[in-house]
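Each of the next two complexes has chain A plus one more chain, namely chain B in the first and chain C in the second.
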Partner chain A sequence: MKPAPFAYIRPASIAEAVRILADGKGSARPLAGGQSLVPMLNLRLAPVERIVDLGGIAELRQTRDDGTSVRYGAMTIHAAFEDGEVPDASNGLMAHVAGRFAFRAVRNRGTIGGALALADPASDWLVTVVALEAKLHAVGPDGRRVIPAEKFVLGPYFTSLAEGELLEAIEVPKRPKTERWGYCKVTAKVGEYAESMALALVDRARGTARVALGATDGAPIVLPEAAASALRGEAAQSLRETIQRELVAAERDFSRAKLAMHATTVFRALRDAVSS
Partner chain B sequence: MKIPISLVVNGATVEAQVEPRMHLGDFLREHLRLTATHLGCEHGVCGACTVLIDGRPARACITLAVTVNGAEIRTLEGLQGDALMETLKTAFHEKHGLQCGFCTPGMLVSAWDLLKRRPDIDEREVRVAMSGNLCRCTGYQGIVRSILAAADEAKTAESV
Partner chain C sequence: MGGTRAEKTVERTQGVGTPVRRVEDRRFLEGKGEYLADLNIPGVVDIAFLRSPVAHARLKGVHIPDRIRNSVVLAGDIAFAKPIVAVGKAKGFKYSEYPPLATGRVRFVGEPIAMCVASTRAEAEDMAQACTLDLEELPPVWDIDVALRPDAPPIHDGWDNNLFVTTEIKTGDLNAVKASASVVVEKTMRMARHAGVSMETRGVLAYYDRRLGELVVYSSTQFPHVIRTILAQSLGIAESTLRVVAPDVGGGFGIKNNFQPEELAVAALAMKIGRPVRWIEDRREHLIASPHAREHRYRLKAYADKAGRVLGLEAEVTVDAGAYSVWPWTASMEAGMSAGIMTGPYDIPVYHGRAITVCTNKSPLGPYRGVGRSGACFAIETMIDAVARAVGRTPEDVRIENMVPPTAMPYRSATGKLYDSGDYPEAARRALAAIDAAAVRARQARGEPDGRLIGLGVASYTEQSAHGTAEWVARGLPVVFGYEPALARFTPDGKLILFVGIQNHGQGLETTLAQVAHEELGIPVSDVVVRHGDSSVSPYGMGTFASRSMTMAGGAVSRACAILAEKMKRIGAHLLQAPVDSVTLADGKVSFGAQSVTFAEIADAAYLHPERLPTGEEPALEANAVYEPGRSTGAFSYATHACVVAVDPGTGLVEILDYVVCHDCGTMVNPLIVEAQVVGGVAQGLGTALYEEIPYDENGQPLASTFLDYLIPGPAEVPDVRVLHMETPSPHTRFGIKGMGEGGAIAPPAAVLNGINDALRPLRVELSETPVTPERILDAIAAAQENAR
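Take a look at the complex of A and B:
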């Protein structure tokens, strides 16, 4: 199908984009890489009167190494992470994640900020920024603010971004070199959205561990007890029980099969992080 | 309201007025009559419309033409005579890399980019990397064989 008609505006700066989105003239949607929004326009699932194309804003493509963290412009394409074209803050985890979702042709256009702002629960970046304890920089009519990744998603396709607010950058603290990560993702076929995805970060030298589960029915779930259990080196059976208990306590609406799948990805991610 | 765009397609500068809702696939086919770019699903799933935008493969059906103002586009037509593309086409011909041919332009563009980036690719990697291009005739065996044969051929040609 073809999209219904809409107006098109291509601002050259963040300030101009924010102004256009705030002027209230009909429903406006920011367009990042378009790899989700344009299919929705083609299928006429997303009613839009005006598209505000962020592709002309150079600032949104800039990445800066701040010493203790790396600040990725929201319009950084997935392939830039995959190919190591941007500095890495994650001991290779972001490159690993970026090369393993959708397809190369999509990763060449799709952007990290676009994926986060859309907040498809199955987005790989959503669970990744939560695992990495990233800070999301937003800009809107009321100025700039920083949102911790864990507080960003409120539900499926529902974020704490206000109307007219844009994601400007994703700031990832440089993870310690002694930290190891584990990645486990279940998909029906290569390139499909995740059915379940877990990322674990374990640093035995510093005595820290963290695990996050994505592709849930809403925001990613952080499981501190499971991470602590893995760090202590608890036996597999005991670790599995802890994960299961913590997932149930999260009070999400998981079917038994889904719960088993999520528990398994969390277990495998932790196991790989501990043993690598 | 139509919007003026200027871009380079297969080496030639093109100026046009397009509706914002026109995607790049329709622009290439309807405006420029470059019909090697096929449109299958038109929502970014099948890969038949894969073209190169500023040297990187992308799906023309989910790229609005207005958003590539100023870009350099290369379609399968624009890769005619390219050594690696000719090697791929020959391999697709010899190894049964196509039957009806509908997916082939997208397959060739994706495979061309893949072998440019990763000349030493193995079978599993080819399968993973080509998973964004759907074919409903061949069962993929012939396509994978074709790409691996082209990779071998390209390496031999390079070492001569």
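Take a look at the complex of A and C:
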């Protein structure tokens, strides 16, 4: 479990990083927090000739409150969200999610941008940005563009980022103060990846509701019927049936057990959002 | 020899039964232990094994790039090293040849094919990656069912099927039982394949010592002397020119209790190239290719009367023993042991048991804390619960009524074991009282506000420990572990060194053996050094496994120290001019009233002033002894575990709300250590119950090769375990000690599964497979709901 030899480069700017990743002088991968990439390198699962460490690029760690949204630098570590070191656009949801990610040691180095770019389906940030209707800011050799979170993940470990593109920021619209969130995550044991994770956002004052399911072996799933049903205040049994129907209709390859687990997390996230 | 503690005329403040803090902990907790990877031999080169990526193939060749040809070692380069062959004595046992590096065929993913040698491990792995293998794949035998199909390809040359051996035990008239039973309960159960996951992985470092003319092999092993014997045989050298040393070993649990092909390969290479060579196993290798454990399948049929009294039992245990027979246990020991303890603590007079050992394309299976007993306990304990349900009574009552009562001791079981002493029903009663079964039942009836389901789970077992000659002969092993030695040697300055043949890797023996010395001599524990783990330093011993060391080495230390105690008294009395019968040994002194002479003065006389010794007294102050218990059929520790679980039927998650162990290991030498052993064992047992498994796919690929997939319990998963002690001494051992290191790991799978089934009974769910993962629970609930519709 020692990595194969690779060259290590630490650019000082986004432009330099993008240039190196696109220069075609051998394979290159960006290194963010390394909490997934370094183990993969050690296991020799991700052979690469050059590692481009983004840690030296100050701009990627900057966070800005833009008034109606907060723009988080892609290299913001999970612990920064957990500790409230960055402003919270989500009424505390992002801090709550971040604080329940793996272990503190991982959170001290892992980054939101790295987690999103890898798109491990069990990653908590994936479902969080979808639930929060975030916009992901990408930069690459062809310039900059904005990708809505719901269109970002195409499949397991597969995003709409083009070759040589990096995430530079995650823009989260400030959620209304009247909105309440619900969170339900199932892990086999403390610190493990999610087996199922659901986030619900319900605003009775404004009559809106949204629920997203993550850890589904693919992209997160938004469940509008379940959300509407919860907002209407439907009885538990009826809500469960709606959730079940909508999950089956999503046509993912859920095992019988996984379907039951996902139905539980979605229900509990909605129940908590509605009742809090 | 043996029985209860000797009458004490002097107080022994650090003797048998006292809670002395472990002396070895200081170096471990301060990070000053010296494990295999800490050893620094100048000029050492590191080895990475090139291992088979496929489960079953003809190995036609290894293509090595020219630039590294001299750095890659193949089987032909160490052809003088003989393959590992472990032959069981049971009729029909088929043996396997396990080469240190594969020749001709590879038989499991991870089997060593070549050694790549470089100045760093990273470079050695680069070399391994640069080699290509010419493999002609054969159909993988990836499962017991696949292995037993009539058209399955035999994995070993000359075999006509994939069975190592089948053995049977038949006691009593099963037909009579079948005719008279009111209730028949049949169940199948399974336990998943484990890796041992010791905190320190395996490792070997070998070099040639020119001064002493010997090959020195450091290995993270549990039995250095025995490894020396088999390694010398395999290398074709005299044992007197081989030294095997176990440095500090960070956990073994049985995984380090086999003769590993890596030990043989590395030692052979060191002989050949005359340079120090080192292999440190990494975690991926450990999960894939270290000896695996626990993969059992059971079919049980219990015949009972209307009250749930079991009149007879039929059992079939099938073990997936992997590709090769491990040395010295043989592939068949696991199934044989399970069949041999299946009736557990119960008085079941009629028993037909069959043990089937199957060969598959997986890493060889060997002993792991509890060995076959964990599976047997799992089988019989879940069966007892099922019998109770069938007759409409509580598992608690049915369990106790079936147990061997204390008045029946010593008791010959239907499996042929001789239980020496114990009160099994009392342990069960105390455990149930401590868990407050009545309160749990009341809570179940009330229901939980969060919708979780509460369950009570109980499991009992009896555990053979410190077995000697008779038992090992009965198991048909190629070597028999009948005794332990001890050499107790005073230094001229009056301190004591105990040289023992066991190997301490977490059991606290550097402390407890000193406590035994204190018991005999009254010497402060801090004046005693325990030396173990080095074949050149200690007398020939068998090592640490099978919960034997405290009983066996403790007995030997006691005997050797008793001899020294007499000599101390004789010399001390002479120096004090007092009658020998009137002096006492305590606090490092021999005393007569207010007068005393220190051990240092006595030792000084014995070694360097023999003119001061009594006439006829030989100089020097050391004694040798060997020890075996009065009966070699084993001393039986036992326990009942009881737990309360909360099952979330929406997520399948299980929380253990309370866990109680009431155990009896005879006389406890050190209650702190005993309790810690129980709790540690429970943690591992919970791993078996809820988390650990290595599934293989239909290509024979192991699907859990990192901790991402192989889950083990961490601090958040292990509850506070309450341990209650009973002490029924063994009539056959020194001080009445029984071994107890494994027991904690034996009962949890059964206790937890019984608890989960108790909780899920209203949903008509009965699970019978470990680990009981959330997915398995949810799937069973969904299946029961579909059946109901």
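As a convention for this text, the second predicted complex is superposed on the first by the 276 of 276 C-alpha atoms of A that agree within 3 Å, B and C clash if a C-alpha of one lies under 4 Å from a C-alpha of the other, contacts with A are read in each partner's own complex, and residues count from 1 in each chain.
The working rule: contacts are C-beta pairs under 8 Å (C-beta built on N, C-alpha and C of every residue); 3 or more make two chains touch, one makes a residue touch a chain.
In this text, all values refer to a predicted model and were calculated from it rather than measured experimentally.
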item: Chain B versus chain C as contact partner of A:A4, first or second or both or neither; value: both
item: Partner chain in contact with A:Q35 - chain B first, chain C second, else both or neither; value: first
item: Contacts of A:R109 with chain B and chain C, given as first, second, both or neither; value: first
item: Partner chain in contact with A:A235 - chain B first, chain C second, else both or neither; value: neither
item: Which of chain B and chain C A:L43 touches, first, second, both or neither; value: both
item: Chain B versus chain C as contact partner of A:D53, first or second or both or neither; value: first
item: First (chain B), second (chain C), both or neither touched by A:G191; value: both
item: Chain B and chain C footprints on chain A, overlapping residues; value: 1-5, 39, 43, 189-191
item: Of chain B, residues touching chain A in the complex; value: 1, 3, 19-21, 23, 26, 42-44, 47, 50, 53, 56-59, 61-64, 66-67, 69, 110, 113-114, 127-129, 131-133
item: Complex interface listing, chain A residues touching chain B; value: 1-8, 10, 31, 34-35, 38-39, 41-43, 51, 53, 55, 79, 102-106, 108-109, 189-191
item: Residues on chain C engaged by chain A in the complex (per definition of touch); value: 120-122, 125-126, 129, 282-284, 650-653, 691, 706, 708, 711, 713-714, 716-717, 773-779, 781-783
item: Residue ranges of chain A in contact with chain C within the complex; value: 1-5, 39, 43-44, 186, 188-193, 195-196, 255-261, 264-265, 267-268
